[in-house]
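Pasting the structures in now, so scroll down.
Two complexes are shown next, each including subunit A; its partner changes from subunit B in the first to subunit C in the second.
So, the complex of A and B:
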């Protein structure tokens, strides 16, 4: 465990060095991120200048939701997206062999090898926006709701990770799965609004097939004290199952790749 | 009998390939009713390799060299047969096994493109848990042998192909593996870089005692490095023995190519060897290996001013292997090991 943490630190450090080499690019990315987050925050504020409540969501809750969205997307773009993208390149180019020959978990190497360190900023922005929303909701935040928030957020991230792992693992059989992932990114994008505002079928898709709804909406609801213990339990269960299924699927893919199952 | 570092028995790999038919209709049908064809890649390979040996795997493209290497390094499960490498079953990929081997591929890189090799090496140090002092010692030695100093701190993408290969070697050997699988390590390199890499492999083998299995279709690589060769063709082991014997027995001749100035008489060349091609400007002939120097001297003497150029070469590896494959299997050579 200790060793894996040391490796993670090393991965982040090398990628950070790389990011710092291209300062102009870095500055532009940072600017873009601030502008995008700023405008979407402004959009929510403008919307709530005309109404107090949107589909049951108050201003404070909506801002928290936006903040959580940036946290989730930030984490996803910080490590999952670059790593899995690279993994698919490895499968295409045949360089995955080098990873399989390392005396560390291949799943770890594939999932956490590459970082877009600049995305840390998006996570920070998300935290700040969440903080702003919480200030609005100050009265309703309790220790329990804060705990539920942190817990469901962690579950949501694991759910997204599990789904991404499954989708990426398909590359063992189909090699080119970039398009499947493109659909996934689009759904992630849709997560910036509460899933309650979407029509039924889409809501169900977004909370089951693509768990972004759960990852973003549930924590935002939890902090407002709107999630009961039963839901938290269910989400934990779903996360545990998703984690195990994705791991099994990954191992299955690896076996197919090495010809063990033929 | 000492314990072999690599012990391979009846190793066989059959790929199941999805049979594709032409046409859209066939493609649709194949979704429901897939036809598979079995393609044998390696058939019943058996050999042993002792510690510190440098063995060349020879064979044309698609002969099964890479499939064999991939099974021995644990990347592929065999269809049948067994193998032990440093005492482990490779395809279980135990951590101890993985720490004892390395695989280098001439056409693929394990280095991260955008960062300096030094950073990639640090990551490898952590992955293989190499203690700092040993890491420094090994890196120092590799830096010496490969003249890496100016290369380590540049992003890998800024390196030339040859420079990249040198760094690739450093990355592959930083954990001091006992067995090194080198798959076409000189592919695409210019002649001088090829010979640098060869010198390095020989020197590293001498110093560290690393067992090396090398595949290449450059005969020069094999000649420079391997005393022993294993010839594979269509997945079958055709020859396993001394390199010198392979060249002598399988291709007991040398190829002399004579370039002629305008209108030089070349009829006398027919008496010196078997002429295999001839046009106005050049003649190619095969002469018995042992008389090659003497005949070459005679050609130079007889042609004098009419001689534009002359070269004496071993027959191309493909030709040697073709001869091996053309039924000239040598049981005594196979049995010799």
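So, the complex of A and C:
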């Protein structure tokens, strides 16, 4: 475990140094993030110019939800997306062999090797927006609701990780799976609003197949104290199952891998 | 010129026939965002008793369904391709050809849209039925709407090339394009029918070019505005298109003059 933490620190440091080499680019990316989040916030305000409550969600709750959306997306783009992207390149180019030969868990190497360190700021931005929403709500965050928030958020992130691991693992059989991942990208956009506003088929997709809806909506409800213990337990169970299934699938895929020219 | 275009179209068709899966994914992308905002506006309308000003829930559904098709028809993506060509040094040989690179882009653009409409249009129809969309389109709306969509596509395409030309100076255009796309996000009619933009935003939207790329053609095709208003809006499109073409010519020739291939 200790060794893995040390490796993780090393990976983050090298990626940070890499990012700092391109300072203008870094500044521009930060600017883009702020603009994107700001315009998304503006869209929510435009909607709420016409109503006080949207399907039971007040403005404050919606802003919290948007904040959580950027936290989730930030984490996803911070480590999952760059790492899995690189993994698929490795499969395609046949360079995965070098990673498999390393004396650490290959799942770890594949999942956490690459970071887009600048995305930390997107996570921070998400936290700021969440804070803005909470201030608007004038909701008192209790220890329980904060705990439920952190716990469901962690579960949601693991759910997304499990899904991405499964989708990436498909690369062992199909090599080119960028297209399948693109489906994920299309749906993550829908996380910016609570899943209960969507028509049935989309709600079901967002809470089971592509669990972005759960990862965003549930923590946003939890921090306002609107989630009961039963839901938390259910999500934990689903997360545990998803984790085990994805891990088993990864191992199965690894056995199917034969190298690029074998 | 017709012969040249025929050859280019055949070439583009052969290239694209290889990407059938990409086509269906593209269809998926095209309807997710309109559905997101349609669902949000329906929830808002419901809290107000099913209407927002002049718009009923079925009108909202009709508007967003139409935007799926219009977004598809007016999309332009040349900035990223152009940036890539400059960075990879692929632009230089293209510039030496007797034909301006924009012509390759025009044929590619049209063909991609024709092909993917096979996936996009059925999806739009399905969504229209699911959400009980109600169109008040008359035949004259349809004709004006088609003209307006073509103008919107030309406008978006020309602006796409204006921003692509920025790459002559900066090589990377990602940041500029993000600003451009986020302005479009708010003002083009992506997130709300233009009529629902609150007070000052609506005035800004009609002054900027973005609404003329998406919101205006969509409104006309839905059968929203009367014929006189529709003609006025099309007039606005023509003005913006003329401006865009003027700007494009200036930027392109200035950029070309100071362009040196990467590594020169």
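What we mean here is this: the second predicted complex is superposed on the first by the 256 of 262 C-alpha atoms of A that agree within 3 Å, B and C clash if a C-alpha of one lies under 4 Å from a C-alpha of the other, contacts with A are read in each partner's own complex, and residues count from 1 in each chain.
Throughout what follows, contacts are C-beta pairs under 8 Å (C-beta built on N, C-alpha and C of every residue); 3 or more make two chains touch, one makes a residue touch a chain.
What you are looking at is a predicted structure, and each value in this text was computed from that prediction instead of being measured.
For the composite obtained by overlaying on subunit A, subunit B and subunit C can both be accommodated side by side without a clash. In the overlay built on the shared chain, the residue A:190 is in contact with subunit C alone; subunit B does not reach it. Of the two partner chains placed by superposition, only subunit B is touched by A:14; subunit C is not. Judged by the touch definition given at the top, the superposed model places A:100 against subunit B, while subunit C stays out of reach. Using the contact criterion defined above for the overlaid structures, shared-chain residue A:2 touches neither subunit B nor subunit C, since it reaches no partner. Touching more residues of subunit A than its counterpart among subunit B and subunit C is C. By the touch criterion stated above, A:39 is placed in contact with subunit C alone, subunit B being left untouched. In the superposition on chain A, contact of A:258 is made with subunit B only, not with subunit C. Aligning both complexes on chain A leaves subunit B and subunit C separated at their closest CA atoms by 13 Å. In the superposition on chain A, no subunit A position is in contact with subunit B in one complex as well as with subunit C in the other.
On subunit C, the positions that touch subunit A within their shared complex are 21-22, 25, 28-29, 32-33, 35-37, 39-44, 46-48, 52, 130-131, 172, 174-175, 178-179, 182, 185-186, 191-192, 196-198, 201. Across the complex, subunit B is touched by residues 3, 6-7, 10-11, 14-15, 17-18, 93-95, 97-98, 100-104, 258-260, 262 of subunit A.
Taken in their complex, subunit B has these residues touching subunit A: 13, 15-16, 70, 73-77, 79, 91, 93, 95-96, 98-99, 101-103, 105, 108-110, 112, 114-115, 119-120, 122-123, 126-129. Against subunit C, in their complex, subunit A makes its touches with residues 25, 28-29, 31-32, 35-36, 39, 42-43, 46-55, 179, 182-183, 185-187, 189-190, 192-193, 197-199, 202.
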